[in-house]
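Below: the structure, in structure tokens.
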């Protein structure tokens, strides 16, 4: 079985209950997640071999984070334990015209303070087939950026494919910082995921006008943007993206788009009633990787990825708690929208 | 006051909280219900005389099931107590493209293991006017099928009307098994409820093409199917059905349809935002029975039934916790959709 | 900073959890609110100086009510403590075709039994700029009506502006009673809020045909009604209103409308997915007052008010827990409907 | 089967969760109870025939109260529905040196405002064997006192035995008021329950020095007090009491004491770890009545009553949710204090 | 690292919240456990290599059971998936004089219906050092008994040590059945855990008079019983036991006792305030095994085991969620009973 | 009214529910507190004028912290808003032999990063009578230490009394660091609170042998220690302390001890059943300050302080949510340990 190693930060997510705002909350649901951890969990639930690499504190909160990954089948044996704290984010679900919002409390985490040389890639990637990171990881520190570079170096030398979800976070770094850093990493990337503003913010390539209410209408621009990525970084064989028309916090439409070895693929548009609009990009990435690992043809890779992604929008928490057959059912419209009994 | 006796299995329903999946849940809401019990509760809340007959274990879980029925005014004096266990079902509410799903854990229940001769119909039905069962009950065991046959025998001889909701369950028996059994029971039935695939699965009569997203458009086929039922079983005086266009887990349209003494009735189409898409068929049956018992004219019977049914879609749990005036308000569009204060 | 004093009753609100009906509930969320208290809290959260005047019992439940106001920055120093009880209302959130409903349990409250002369307006209003009450307060008792009259007298003599939200409550008094009382109070009012049936029920002025599903279409009639108010009570300089098309418990459209010194203003129509359809009128009033206090131009006053109001529909509880920048973001469509991170 | 009719008020009990104080609570557990309702429920759970008579409002909260009784098997057919509200009490569980405390909000309830002649005792008591009330009921209003007198009149004339639990409540009336009223009622009483300060507060008979930490040590004084009751009201055949040494909110010792036809009975002393120190007196009363109804000998009556009472101290809510075999197990020390499995 | 393989049934445990009884509960905490699974989890948390072998259904509930084990580090790769259901038990925590009680609903489970030959011991035990089962497993079915016998056979032939916790369950089989079966298994056992009535019920050896309130006082009898076990089954090198004085559900005293190669060891007596009195025997077993695996001397093995066991009594659920240093702190009385900060 | 200004850090406290461990928790209760904030809240609830000074982040979590203080009447007008984060601590309640434990996550908080010169003591302390800090504040950073020194300087020059609770925290600094720093601060202190190891850890004065199970027995040593403090820092007029015998997490005995102007005072010993063993030292400090502010005689000051302190042990959260009359009731043994009704 092919093995995917993902590398990034894991955080404790605290969410008020029953649509409350943080300011009024006196209970928080506690879940653990993080972009690359989410990808690893989703792959493990699809039956693939997934390992997550990170650093978490050596106390009960760190243990709980690791326990979450283990629970869903992720290999956690290479996670470092130590350092001061686990990053936290407070998640406040929006409604209607009120945006979902996040209060980050991730500074000074064990991962952010970890040193590049703590990660022994020779050992970690020894039997890996894919190395996966998102743009969040290099945004955290120069050490984590160095760690990625070292990993990529190993990958190039050892035929491990590199996957990068650009995943720009405006609260973490500027576009200039992102572009300088990503320009160093992109030459190693085989598969690139780019959504919405990522093209411009992370790579300086214009592909989207910023209006989330009509992303699907800009499909041609996205295709052009994808082609520019491949032009600039010819090592990139695949660029994939989710296009979205977001009407309100609850209502949106999603479509997958991909260029794979110069061929363009897209998917039907899914109208969606959103439960939690987070981590669907990670679900898309995991879905795509599952298709690639299991030798789906490119169209099926993309169909599977977008179906996985829209399923995530119905799930509580950062983790896409669905198995392969559930994704296939959505993808093949086998769900008659009834209670199965 | 006319009395309705319903006969079937009652179960413990375990539901994760706040949209969680079973795999991640560590809390379950515990409610008790079951098709025929739901009908009895709804009738009792409408102010009718309703009795439920079944068998539940003689321990705290069985007591809790009985207590639920008593709480809402159902006569539980003829429920047998004994046997090993109460059936359970895990209920996972879906969202958007993710189906609501059910994990049944009902094998080996006290009811499933009960013997036909444990039910003394002479006593139970002594002052009954209607005997109500659904297709779930004969699907449970040959003994429960025998029990229904014995009850029907009594009904025929004592002018008790028999009501059957076909309620086909594909996880419980095959269509062949269902058709063989239902063919023995239908000759006793005065009032028949048939929804969606029930026509074909339970009776072998084609009326619906299986596409839940466009049931209302198939009204003519449903009418034809209803007529075939009456043709085949001339004892049937009434056939009623809910027609549905299901867009997603949350959004659907519902309409009532009925043939009563050869006259066709239908209702306006209700657009609905669904909270829990379960037990609305039972609510429809109870609504119809309430109209019949209280001598509503057939159009009002059907209007009341469909209004009761769409109200159920807004309620947590299997029981339609609404009273008669609330159903009438929906039926008469008296609700201005505002907070009443 | 300008200071607003609001006067009215505060209540304990008990709400079943997770969409349950009162009849099945065994847990209630406990929140505290009341029309004029809600206005005070919203103003305080906008950074304005707001004081609430009322009477609550001198026990733990009364303390909790006061604590809620203090928590969000309202001056509670003039709230009287004593009397038998805090009014309660049971709040049952509706869904789809099932109306949200309220069971009032407010009779005999400390506020309802308070005497007009317990309120020392000379002291209370000494540094006030605005005095705000809703039609609920005079509906409670003749003593509270007398208290308002005494306050208005003070206002007239001391250049304090009077604001009245007509807020008719059919469960509290008849239209005849309301009209007789309001006719005594209106001559003191500078700013009048009137919604839906308030025009006719409180003032005997026809402006709305009662069909909540098409309020926006009746804009011309509302304008005519507003003009009649100003004609009848020339002291009124501003009349503002929310027009609504309510499709179901979850779905509606809202628009603001105002006459200010003979000029008519309106706002774009907001389509809304409603979380809790209560206290949005209070949020509108607070939004308008915030604009007035801070010298927004009239169009911006109304735009801010309606944006505040639609935000309230996304919040749990009676209090509009949003700050000024959040309202401005909605008003200026700055929300890209994405998670901000 | 002998039938017991109990008469009194039922209330909604609101309790903060997880040991919170009312002032900090934003969730309340909602349960329904009341002294005489508690007795009826306990008897029904013991398998006896019990009916509760009262008046509750005709809305969802009143329905929920009735539903609670029905759930546990009490006959609710004679409960009147109407009037303004259900009484409420806020229950704050203490701990260690902090007393459990109650905020009453019971004024103006449907029961308190009910008229004596609304209760048709000829019909209500037609097949009753025992009529049970506590001193709370006459404390509520002169009308409820009149209702009791009318019921007692019926009882005397129809060989229905009268049971009175003195149950003095200092927050409801003065000792003078209590003594005047109880002196009118005692001549009808066959069985009298008197605890702690009841002797003096309700009847003016000194039996207890008020020190709850050493009630058991005052056994001789209690016996003397009991004898004085019988002397003064020779119609009383039985006086029963619980003697308590209360060390802290959690820790106490309980013992039963009874004079029955001049014979003194007592029980072993039970050391108890208290979960909720309420309604144990009602549980004692129900336990005694169960023994009497089922012809236990007097010693067994008392043993059963005290065992029922100490079991209640381990239960959440006002209702003693135990069956006969569970009481017998405690009484016979059959519980090996292990998990039964 | 030494590896322990445990074999048995895993169940879903449903527990009412906040001390409620099953009859009143409408929420259950859902946890997963089972005697041998508990041992495996405890060992994994101590840092040992532990594998659990069983059969669970291939649906979401079965997945959740497996996920629980993985979360805490147990190797689940040899768990079979299939069959109808996961066993369930309803757990009702007692208080004071009210026993903790359990309603079993375990009949017909996937494990109970599994066949002996489904377990391929050659593969499962290939790198095992210890094979651990409790008396519950052979009580489930003759097939599970056969499976144990096959495993023991393998152990004997491959120098894998066999550990048996007698763990008699009176609700599962009679003492006669137990003795016949255990007599076949004991000849394979190297390490035997025997508590309370196990001696007599499982082996017919009298060691305890059945009075749980004075187990510690019977130390001499327990030693005698242990010696008889070794006499009868000379393959047994170690017999260990927990001696208990149980005062009430909350209060008890615990002491460890062991014969190891003819030497008797005991421990100090721990007075304990019990949170949940379940699975402490499994915690004892895991503690002992941890000591054995890590070459603690026998006295330290027993000290560690009893400290682990009393820690379990403070934990929610069946799993002893403590690590080695926490046990050592209790064992060495390093806990000053203060908040560590 | 005398005014007390307290200065320190406020944190978010996250606590698992129902006795769960952090490692298994998926819900946290969220409360806000901190040693000096707790003192301010307690004083405000006693009716005193209390102000809290600190720095919290300018986002929703910081707002919630401030809101908590305002809710209970503390003046928050001088709290600075800005910086990166609010400190957090995970609170895991122990049981029996398992210690309550805390995972601190307070590094890098807005308060820890605040600069000494951000606090304008001339303004803040303009109308203060007492300045209160604990040893936690100087342990946080050299800047906070400087801020205290600046405040103390102001106090000395302006007749503001300085109160210091030594409150040594071994997880925050070494005893050497503490002693060096405290030695600079003590010369300003008028009233000193010192508990358990504080004497030695903070001041290098031996008064306690470290055995928490027998603190009360060491009363003479504590008195000697107190005298040494006064000897070394003659500006200190009052030294007060809580002496404890801690038997287990739940059970302990507490006693107050004080030297006030050379006179020794003590209190009765309170046996306590502990609900939450945190922040009782803060409650003691607030109780003492309340007595001092309100001119209680020294014996009553100490009696009130210890009664406040033992009440805190029964409360959820860091805040001592009791009023003056509740403390007096405990102090005067007016509580008969019964439900007050």
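The first chain written gets the first letter, and so on, giving A, B, C, D, E and F; residue counts start at 1 in each chain.
Criterion: a residue touches a chain if its C-beta (ideal position, glycine included) is under 8 Å from a C-beta of that chain, and two chains touch if they have at least 3 such contacts.
Since we're looking at a predicted model, the values are computed, not measured.
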{"item": "Chain hops separating chain E from chain D, counting only touching neighbours", "value": "1"}
{"item": "For chain C and chain E, chains touching each", "value": "A, B, D, F"}
{"item": "Between the pairs C-F and B-E, the one where more C-beta pairs touch", "value": "B-E"}
{"item": "Relative orientation of copies chain C and chain D, as a Cα rotation angle in degrees, nearest 5", "value": "180"}
{"item": "Equivalent interface to D-E, taken from C-D, D-F or A-F so that over half of the residue contact pairs match", "value": "D-F"}
{"item": "Computed distance of Cα centres, chain B from chain A, in Å", "value": "44"}
{"item": "Approximate Å spacing (C-alpha centroids) for the pair chain B, chain F", "value": "62"}
{"item": "In chain F, residues with contacts to at least two other chains", "value": "18, 21, 23-24, 26, 29, 67"}
{"item": "Every chain pair meeting the contact rule", "value": "A-B, A-C, A-E, A-F, B-C, B-D, B-E, C-D, C-F, D-E, D-F, E-F"}
{"item": "For the chain B and chain A complex, residues of the former touching the latter", "value": "18-21, 23-24, 94-102, 104, 169-171, 210-213, 246-252, 277-278"}
{"item": "Footprint of chain B on chain D - complex, ascending", "value": "67-68, 70-73"}
{"item": "Contacting residues of chain C [partner chain D, same complex]", "value": "14, 21-31, 59-61, 63-64, 67, 84-86, 88, 90, 92, 103, 105, 107-108"}
{"item": "Touching residues (chain side chain D, partner chain E) in the complex", "value": "17-18, 29, 270-275, 310-311, 313-317, 319, 321-322, 326, 329-330, 335-341"}
